[in-house]
Structure formats: C-alpha cells, structure tokens
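Look at the two complexes coming up: chain A is in both, with chain B in one and chain C in the other.
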Partner chain A sequence: MLDSKLKNVKTENAGLRIIKKAFNIQEVNIIIPVIVLIVIAVILNPMFLNLDNLAVIGKRMSMWGLVAIGEGLIILTGNFDISVGAMVAFDCVFFAVAATTWHLPLVIAIVLAILLTVTLSTISGLLVVKLKINSFLTTIAMLFICKGLSKTMTNARPVLIAPAQGSDLLLHFGQQEPLKMSWTFFFFIGLIIIFQIILKKTVYGRYIYATGDNSNVAKLAGINTDFIKLSVFIISGFLIGLASIVLISKEAVANANYGTGWELQAIAAVAIGGISLAGGAGSMIGVLIGIFMMQIMTNILILLQINLNMQSVVLGVVMILATILDVRRRRKILGNID
Partner chain B sequence: MISEKNNNHISKNFSSISKKIFSFQEIGILIPFILLILMFYLINHAFLSAASVFSVLKVLAFYGIVGVGETLVILGGDIDISVGSVAGFGAVFSTFLMMKFSCFGLLNTSYEWVGVIGFMIITLVVCSLIGFLNAFLIVDMKMNAFIVTIATLWIVRGAVMVVTNGNPIYPLPSFFMDTIGTNAQIPITKIGNDVIGISLPFILFILIVAVFEILLRRSKWGRNIYATGSNREVAKIAGINTRKVRYMNFIILSMLASLSGMLVAAFTRQGYPPIGDGWEMIIIAGCAIGGISLAGGYGSMIGTLIGVFIMNFVTTGLVMVGINTFLQQTAQGIIILLAVYIDIFRRNRKVLS
Partner chain C sequence: MTQYILEVQNITKDFVGVRALNNVCISVKKGEILGLIGENGAGKSTLLKVINGMYPSGTFEGKILINGEQVHFHSSHDALIKGIGFVPQEINVMEDLNVAENIFVGHLAENKGLLIKQGEIEKKGIDFLKKENIDLSVREKVRMLSIGKKQLLMIARALSWNPEILILDEPTSALSKDDVVNLFKIIRELKSRGRTVIFVTHKLEEIMEITDRVVILRDGLNIATYKYAEYNENKIVTDMVGRTIINMYPSRNVQICEEVLRIENLTVEHPKIKNRNLIENISFSLKKKEVLGLVGLVGSGRTETLSSIFGIYPKKSGKIFIEGKEVNIRNERDAIKNGLCLVTEDRKANGLLMLANIKNNISLANLKNILNGLFLSYKKENNLAKKYMSMLNIKAPNSDTMVANLSGGNQQKVVISKALNANPKILLLDEPTKGIDVGSKNEIYNIINTMTGMGISIIMVSSELPELLAMCDRFIVLTHGRIVDEVEKSKATQENIMNKCFA
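Here is the complex of A and B:
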C-alpha cells in the first residue's frame, strides 16, 4: 500500500514539476484561474483585448502594485500595514505642496517625498517591533494620522502640480509610453523580479521567510527578527514613496483621496497570490499574479459599466474567496491546525 | 533589627493601600484624561457648558452602544471591523421597511408604534444574520478575522449604497422620529428654545454597559468569554464551548450595531445610507483606550465606557480649542497610539509586579 502511494507521488504531472523546479515557483496552480479569468473577460467584452485597455490595466496595476510589493513583504514577516493608501495620499499632497506652495526645486521635493514615507513607515515599524504594539492598531493609527494631515494640507481641495518649476519635465516623464505600455509597467515588473530574486536567492530573503513562519524559532536560530521586521517596513515606505511620485507624474494633481482602498486591494492581491496571510510562505511572482487578477477583475467590472458601489461588493466577496483559498492552502501544508 | 521590621510593616501597609488604588486598572488612563479636560476648559470655558457636554454624551452613546458589542468580541479573542456598515444597514433597512409597509398599514395612526417597534425588531434579527455570517467565516472556516470583517464591511456598505443609490429614506414615521428620536430625553435645562437633556441613546448606553458588565463579571457566560479570549485551547480543554461563545459575541455585536444605526436614523430623522462610515476605527480605539487587550481575555465594560468617553471628549475638546477640524483624525490616530502604549506599559508593569 505504501508502495502505491509513493508511486502516485512520483507520477505527478511531470511538466508542472519541471516548471516549478525551473522557476522555483509554487504558484503554477494559480496561473490556471488567471487564464480562466482572461477568457471570461474576453467573452464578456471583447474590448478587453484592445491594446489601449491592456495599457490601462498595466498602468493602474503598476501603481498600486508597487505598494502591494511592500505590503507583501510586510505580510511575509507576519505583520500588516493598513496605512499604505493614506500614506500615498499624504505623500502626493506633501509633494504637491512642497513643489508649489513652498517653491522647492522638483528634485528636492521628490527626495523629501520619498524620505517622508520612509520616515512614516519606519515609525510604524518601530512601534510594531520595539513597543510590540499590534501592527493592525499601529497602522490604523498611522492611517488616521496621514488622512488627517493630508486633508489639512489641502483644505480638502485638490492641488495642481502645474505651477511648480520643472513640473512639465515630470509630467512629460510620466506620460512616456514605450511600446504603447506605460514605462511604469516595466518598472513595476522589474521590481517584482528583483524582489523575487531577493526573496528566493538571498540569505536576507530566507530570513524573511523564517521570521514570518515562526518568529520565536527564528530568533532562537540567531536571526535578528526585529531587524527583519523593521527592514520590510522601511522598504515598503520607500516603495510607497515611489508609487506616490509615479501617481503624481501621471495625474498632475494631488488629491487627499488618492490611494483609498489600496491597502485592502494589496492585501487581497497578496492573499490571492499565495502569500499566506499568517506569514512565512509565498513569493513575489504570486503577488504579481494576485495583482494581475485583481486588476483584471476591476477592469471587467468597469467594462461592464458596473456601479462603483457594486464593485466594492464584488471586491469584498473576492477577498473572502481568496482568504478561503489561503486557509485551504495552509491546511494542506500544515495539516489541520487551528 | 526590630525597628527595621516595624518600618517594613508600615511601608508594606502603605504600599498595599496604594497598590489597591493604583491597581484599579483604568486609573492610569483617567489621570491624563482629567488633566486634558481641565486644559480644554481653561482654554475655552464653553467646553464644559451644558449644551456641549450633553451633546457629546449623545454622540458618544451611539459609538458606545456598538462599543459594548465590540468589547465582547475582542474579549473573546476576535475582532470585527464591519460594525460601521452594519449600523448603516440597520438604519436603512429599518426605515425602508417602515415606509415601504407603512408600519403594517398603521402609519400616522396612534398605533404606529407597533409597526415601528416591529420593524426595528425585524431589523435586529436580520442584522444578527450578518454577525452570524462573520462568525461562520471566522470560527468555522478559520479565516483571519480582520480580513473577513473588512470584506463584510465592503460588501454590506456597497450593497446599501447600491440599493439606495445614496439617497436617504425620508420622511419617517413620527413615532420613530420624534418619540424615539429628537424628543427622547430627560430634560435638564433650557437654552433658548432648545431643551437639553439626557438623551435616550445615552440612557440606553449606560443600561447596556451596566447589564453587560454584570453579566461579564458574575455569570458563567461572562467567565467563558474571558477564558475563550485568554487561551482558546485551554478553554476548549476545560470544556467550554468556545464556538458558541464566539458566535454569540458576533451576533450580539451586530444587533447592537444595528440598534445604534437605527437610533442615529431616528435622531437625524432620515435613513441616511452613509451612517456608520468610519465608526469601526473610533470604536476600536475607544476599546483600546479603555484597556481592552486586543489579544483578548483582558478588560472590562467599564474600561470601554471610559475609553469611549475619552475618545469623544478629547476629539470634541480639540475642536473647541480651535484645532483644525481636519486634524481631528490625526489627533484620533495619536490618541490610539498613546492609549495602546499606556496599555502595554500597564500590562508589563503588572506582570513585573
């Protein structure tokens, strides 16, 4: 009986195994739903395959996708960051105000904007790691703080970038579209690949997995879990800053409502893409696939001209389904654990 | 040597008395709170005027009623972020029913109250289903409570907005609007033409807090909740039906949330769909301030009461002192951080002593 069981294991689809081994990806199983989703999308509205539409998908994806990379890293280490969207809004507003009202040169404004999100994320990280405050609470508080500050700075009105010196350079940069796809898309894919390599091929990456999987054991094994947990917050902060600059370069206006829902989209994408919400498992390719699926779904809803409110209902259902998948996946690996 | 012993005895007495006073777990928070209130009063005397105080009490009652339910859930080891949308749903659903069925045909008659109360009860039951759904996904499907309740938040809020198109339901039965709503208060003073008093929501809030505090402290049900929250595995081994405990918590919370939403609708005299927007964070912050440990198993209703008081009075105080309204949210965020830090500090001190 044991023999036949072993035989069954060996005869797993050889093709899949080769791909899995080649790319060290466990998420091959997720590509099927993606293909299914694309087929559904095309059936529902053939316009989906329109090059312009695909370009829009790529553009939108690459903005909140940057944020999702950071969120994925934080979730891998076992924490959450709910403030991400509000930080984007605050950063955009800050940059806009710095460039226009404070008349700072563009480059300085960009640097300051990125420094701002890095600092805010570092503060969140320190509160979570050093003071051991629950990451949800900390980042909820940070969300409030950022939302309040962005509304204050803008007086609830959008801020135009145009009057800033060098703004046309930034906007020109933002509108570039090599190969009909926005350059930000390639930038985003590049970052995904870089972080995938970091996660899978470096010691730092392995430490991240260890910390997320079982923080206490990792600590006993000599890994500085505090540093790992803090570092992903800092990296996320940097990525959020980048995302904000990219967003501004495309929209030319800073609005205190930017980034709303990005954090939840990011968490949903991460959950769909195979990063266990309990931390310690998954990869960037998975996150990419999750982001891809979320964006396609949003796109389908828009093409079907579905009410925005209905969209949030659908997104909510998707999140629940994604999490059920996540729990099932975890159970398969760990056995029936509470 | 003998004098040393005497000294030890005296200082032990003193330290045990002061320990008793300072170990009242909420004392740590009360002192800075009272100082802040004094500061606000000194800057703007209107802060402690009758109108201001009673209006804050009314508002905090809406949050507080939900806060009681949220406390139960957190004490049991879970969390529920969907409460705001359930409140909105309660508001819209109840008012919709009342107007659609004209209170069982009794609208504008003296038996209108039958319809009003009837539909309120129906809404309570329907909203308990939302709690049931949350509980099912979290307890039976073992999903992360944050993710599930955030998803529920989106779904319920989206559904409400889709069905109503953002339009408020108005007008409402006068029993609802007047008797339960605007006129429901114990009058204290009169300012101009307005009667200020202790409003119905506030009375309900205090009653609910009292009832649940007693239940928590004195009943087996309450002890089961604390046990489940402290250590679910051990509670299970001890024979407690943790599943039932957690289900009950979520269901009660949903019912309280919808009740609060209905009260808001009564007071604002319309079924306004965005009711409940943003409530969840303020309520959880209130609980956290009140010493409810987010890990579960530690805290009390009195703590929540104090936390809700603090959250609302400080926010109002900041506004009355002249801080930009938009900074209110920022202030709330900082308050959350401070409160949680104080809580952790308090807990560490207890462990050490």
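Here is the complex of A and C:
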C-alpha cells in the first residue's frame, strides 16, 4: 500500500520533530505504547493511579533499573551479560555476611561489596575482550559461579542484616521517602540522565556507539575498542554493586534468590526501549521507557492478581515481541541487507 | 501477439524522501541482450528488484507484462516461476555443498519421496550441465572454486529453472579478464538458444561489447535507448552522467617534495600457513604530495602491504620511517597518531557505520574537532558535515541522512570525508573507486588531486590499470608478496606494467 506521505521528507508533525531535535531523542515513537499501557492499566484497576501504587512502581523500577542501565551499555557495545541477576544475589549475600558474620564495619562492607561486583564484571569483561570468548558463554559461566557461591555462603537460608553494627542507620536510610517516592527512584532517574548525556554528548559515548555498530570501523578510526568494551563491563559492575546495596537497605535481608530474572528483564527492557540487541543504536531514554513499560506490565499483572508464574509467561511473550520489533527496526535502517 | 517478452510500464517507486524510479517504461525484445546502464543511485537495482519480484506487487506503481499479459509477483519465487531468472551481484553460493547440490537446492521439493538420493542429484547435474554447455564438474566442492566458476555456478542455478529471461546484475565486478571473456561467451550462447538476457552494468565497455540495445537510467528516469548501430560512447556517458565529462582523469599540477614515508624490509607472516609470508622484504619510499600506485594481480600482496603499514597485521620484521624518524606502529591507533589513514576496499564492512548518519560518520575519526569544552557540539558537527558534503559533492537531502540510504559513490565520498577529517599526512587508498559510477569516479579523481594539493601523500591500490596509470606519479609492482619493479609515470604503459605483474 503506497502511502503518499512517503514522498515527503517531513513525515512527522512539527511538534514531535521539535521534541526530537531538542533532546536528540529517537524514541518519541515508543512513548505512545507507554501511554496506551497506562490507559489500559487505569481501566483495569483505577487503583493504578493511587500514589502508593505509583511509589511502588517507582521503587521496584529503580532497583533492577540500575542493573538495566549497565546492561544497556554492554548491549550497545555488542555484548551481553547474562549474569547480572546472579551477581546481585551474590553481592547482597556477601554484604550481609561481611557485616554480620565477619563483623566488618558497615562502611567497609559496602565498599567491599561494590568492589566485588566491579571485580567480577571486570573478569567477565577481560575474558570477553582479551580472550575473545563469546560474551553469552562467559557470562552464563559467571552466572553459575555467582549462584553457587551465594547458595554456599548462606547455606541456602536468608541472612538478616539486623545484627550488624550500623545496620539500623542503613535501614533507616533505606526507608526514606522524600515526596512520598522512594529516594532510590530519584537516584535512578539521575543516573539515567547522566548516562544519556554521556552517550549523546561525549566522545566516550560516541565511541560506544561506533564500537557496537562496527568494531572494525571503530578501530580504523583510532578507537580503542577493547577498552570501550571492557569499560562498560566495569561500569555495569559498579551499578550492580549499587543496586545490591540499595536492595539490602530496603529489604533488610539477603537472600540467595534475589535478582532472579533481572538480567532477562534488563535485556527485555533494553530491547523494547530501542537499543538494538545487535549493538550500535539506542539511548538511555529508550532504556528508561523500556523499564517503565516492563514495570507497568508487571504492576498490571499484580493488580489483576495473576500469579508469579504467569508473569514469567508474559515476560517471555514480551521478549519475543521486543525482538521482532528490534529486527524490524534494524531492517528499516539497513534497508533489508540480507 | 506482441514481440516484447517483457515490458515494464510507468513504474514508480518511492522510499522515504526519495523517488527511486520515476515513471520508467522499458520493453525487452525476445532473444535480445539488453543492456541496462546507469550510475549507482540511478535506480538500476531498484528496477531489477521490481522485475524479479523482490519488491512485490503493491509496493510500487505501474505494470509488468510478460508476453503481453500483466503479471503480479508476490515474491521472487513468483517471478522465477513466470520465467524470470536472476543472478545477483554478490557471489552467493553454499560453500560446503557440491556443485550439483547448489544448482538444484531450490528444486528439492519436486522430489515426490521424502528422501533425497545423492546419486540422483549428481546425475541430474551432469545431464543439465552438458545440456547447457557449462564447464563445471558436479562433484567439485564449491569452496575450492575460483570466483569466476562460482559465478558460473550461480548462472547455472538460475538456468535450472529454465527461465525465458535471465537478468545478470553487475556480473563482472569480481571477475578476472579471462573470466569475463568466458562469461560473454556463455551469454552469447544463451542468446543463440533463444533466451533473453538483461545485462546490468555501469561499465561502458561491456555495453559496447556484448549488448544489442542499451537503456540508460539516471536519477530514476529512463533517459534514452539506443540500438547497437547507434552506439556512441560519449553520448552514452553524457546521458548517464547528465553532463559532459571532458576529461575522465583530471590532470594534476603539484610540486612533489621530499620523502615523507619510508618502508624498509617489511615482512608479514601468513596468519594461517606456517613458513609462508604474505609480503616479504618490501622496501620503498613515498614523497610528499606524491601519488604512488601499488600494482599487481589479485593476491600479490597489495592490500596486505597497506594493512601492515597501518598496523592491522603484526610485522615479522621491517622498519617504518615517517618524515625521517623511525616509528613503531603496533596497531591502528599508533598508525593514526602518526598521521596515517586507511580507506579500505569494502566500505560497507569496514568503511562506514551503517547504523549511523552522514555527519556521525564523517566526524568519527576526529571527535576532538567538534568538542565544545567537555561536550560534543552538534552545531560544529553539522557545520563540519556541510563543509565536506559541499567539498566532495555528496548528494543527500541533509547530513542526517542515514548512510545506508546513499548510493555507492556517495557512500565512498563519506568514507573519504571521514579520512580527510582526520587530517592525515599519508592516505592509503585501497580500490577507492570500486563499484562506483562514472560520474562519482571522476569526482573522486578530482578529490585525490585536491588532496595532494593540500599536502597529503597517497598510496593507491587499484585493479583498474587505466585509472592507476592516469592518477599515479610512480608505480611499484608486486608479485607473490615481493616487489619486482619500480616505474616512473613517464616510462609506464599498460602493456609493460601488465607484463611485469606476471614476472
């Protein structure tokens, strides 16, 4: 069906174009599905717009959202990290054990916890970049290692934080809710904005896009693609550490089952939000929108009182749709290069 | 009963922002060899995709008629069944199957039983190749075939459907001179058996040699049609380009200066075969503002020489001196730091970020240039892109255009802009005009001349001898990874250079 609009270069209305240009955002097209989702949610259960419910959405979103930021960066450079959920679990457990069983001061435990995830991610990154092992394989291995270690350290039982010195300070901090919204939400949004600026407005960000788009071209242009690919793993490791500390400060308990599925959610959010799963295209705003959509969907399912297992089914279907969208998008740009 | 076996009437096809075909009408007579010529970007590929069903009915305006009857294709398979065979430009064969399997892979469903009998396919293959008089052996593993033979295989595969019309899309781009002669022989044989051939190319000499009629496309329009008796090279070029090219190879008046690059005893090991070297003991020098040509047959080590100078292949031994000082080039970053820049042969694989637009590609190698303090300045980037787009005459709606939507010639200009933007002292060009239309080639030659005027020194690799002879000041001849001779422009002719290549 030949759309006569194709003849015009200016196909979008002026308003959208201005927004796109101002924020250099390509993802304005995805906001429409988000609005549709919100409308559906409200119709299904008007409680959706209840401030408490929104606060819950914000809180949940901002925890695995931190992890999704890191995952987004890794995917932009053309790799994957399947171990992020398991790393969160391991880190929470490690922190709890360090603060209670090993009686380390709280601050030291926090620092060590973050160092742990940074180290683990760096190891993954080095294996991928220097030994050229496929990132899927490397990080699946890391996933098993982390899962095993967390189960071992806890003897498969949850670890309470309370006995640790300074824990009440941490927990008090964790429960703060400025403006009725969890402070982690603002923290998360802040990081999204920072990384959006880094991606779009800095040399480093441009190098990330180039490396993911075509690492040969990037190398020929003088970019140290090994460094770029490794650096995003390290950043992701740091964000995972932060997410773990935040999670503990809210839950007060470390459980080896934390973070299960977070990597898949992160990848789904990233794909829905417009970061191409093959690397080289997308932005943090897109990741934010993807995270938002995933969280709203989960929330809808909870409000509809659908059980957890069905939620997995929905996640699976959403991932397939997201992948189809991604492939379509790439084809449109690359013009069906088969 | 109409004498036209194929007619396309009033074909119009649009992409976002671009009208690729504009009311194109073409008639093909049964049994003729029709040439379709035009610059890249003229609409040839698009027209072919309309005819062979890759753009299905409904995605364009206009009619297709076969033997007077209108047809609608919903896929390329439809077109195949209706008698339109297509041989695409890129070599596209299944390397690990044998010749017979490659030919009949599309027909396996015709077998009534569930199992495929190996022997049957081979027998079918032998019979078929004999009938069509094609020089291929069924058992040969395709991976081992030369490019010329692989292409022959693709033609055989298309012929296995017994098409009345065979379309060949730029068939000679990967072929040696011998293979081309062979290909033309086969085309003439097809004609003598009553098949119709549509031969698409951007090379004028091929049109002159093998076609009965030619249709010239430019900017999506059918500009003119000529019968063989009317063929006039200059007229056809003018039709193709839209302007008269007075001098295909522009002259250069540049003062060559002192030595800027010296290579001593460069040796690079073969990455896979032990005790074999890709290039051995290569020594030469390059003067400032000079254009040095590397000549040789395919496999003689030209690309490897450029790549190892640029640090892509690790050196076994050898020294590199830039402006008299020895430099250590271990990788691409070292090369760029020392003022080198490489434009590779394959722009889609190694030259451009295909997911990005023009301005992001141009700025990539020198982002420092567009910084405003700590952050990138979009304004500076836009201006930079504008500057290069006008300097190199890159045709696109604006600098936000995705490079994937540009024609080959314009894409190559973006690659060259990117290299220029890095302010190189020495530019290494590997087949800079490969797969590019006549008009853009001429523009690129002018750009090369301008660059030398700006102080850049160039080493150029090209398989088109006339181009090299016209553009270079000096030639180095390579065979089997070694330098066999060095020739000044004044002493070089097509014959003596070619002879040296075979030494």
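In the analysis below, the second predicted complex is superposed on the first by the 328 of 338 C-alpha atoms of A that agree within 3 Å, B and C clash if a C-alpha of one lies under 4 Å from a C-alpha of the other, contacts with A are read in each partner's own complex, and residues count from 1 in each chain.
In this text, a contact is a pair of C-beta atoms (placed from the backbone, for glycine too) under 8 Å apart; a residue touches a chain by one contact, two chains touch by 3 or more.
Predicted model, so just to flag it, every value in this text is computed and none were measured.
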Next item on the list: Based on the superposed arrangement, let me know which partner A:Met63 touches: chain B (first), chain C (second), both, or neither?
Entry: neither
Check: Of the partners chain B and chain C, which touch A:Met319 in the superposed model: first, second, both, neither?
Finding: first
Check: Where does A:Val203 make contact in the superposed view: on chain B (first), on chain C (second), on both, or on neither?
Finding: second
Check: Comparing chain C with chain B, which touches more residues belonging to chain A?
Finding: B
Margin query: According to the stated criteria, A:Asn134 is in contact with first (chain B), second (chain C), both, or neither; which is it?
Written below: first
Next item on the list: Could you look at A:Asn224 and tell me whether it touches chain B, chain C, both or neither (first, second, both, neither)?
Entry: second
Check: On chain A, what residues does chain B touch that chain C touches as well?
Finding: none
Check: Mind pulling up the chain C residues that touch chain A in the complex?
Finding: 14-17, 19, 58-61, 331-333, 336-337, 342, 344, 349-356, 360, 363-365, 367-368, 371, 374-376, 378, 397, 402, 404-405, 418, 422
Check: Which residues of chain A touch chain C in their complex?
Finding: 1-2, 6-9, 11, 24, 197, 200-203, 206, 209-210, 213-214, 216-224, 276, 280-281, 330, 333-335, 337
Note to self: Quick check on the complex: what are the chain A residues that touch chain B?
What the structure shows: 80, 127, 131-134, 136-138, 140-149, 151-152, 155-156, 264, 267, 271, 277-278, 307, 309-317, 319-320, 323-324, 326-327, 338
Note to self: Taking the touch rule as given, give the residues of chain B at its contact with chain A in the complex, in rising order.
What the structure shows: 137, 141-144, 146-148, 150-155, 157-159, 161-162, 232-233, 281, 284-285, 288, 294-295, 324, 326-334, 336-337, 340-341, 344
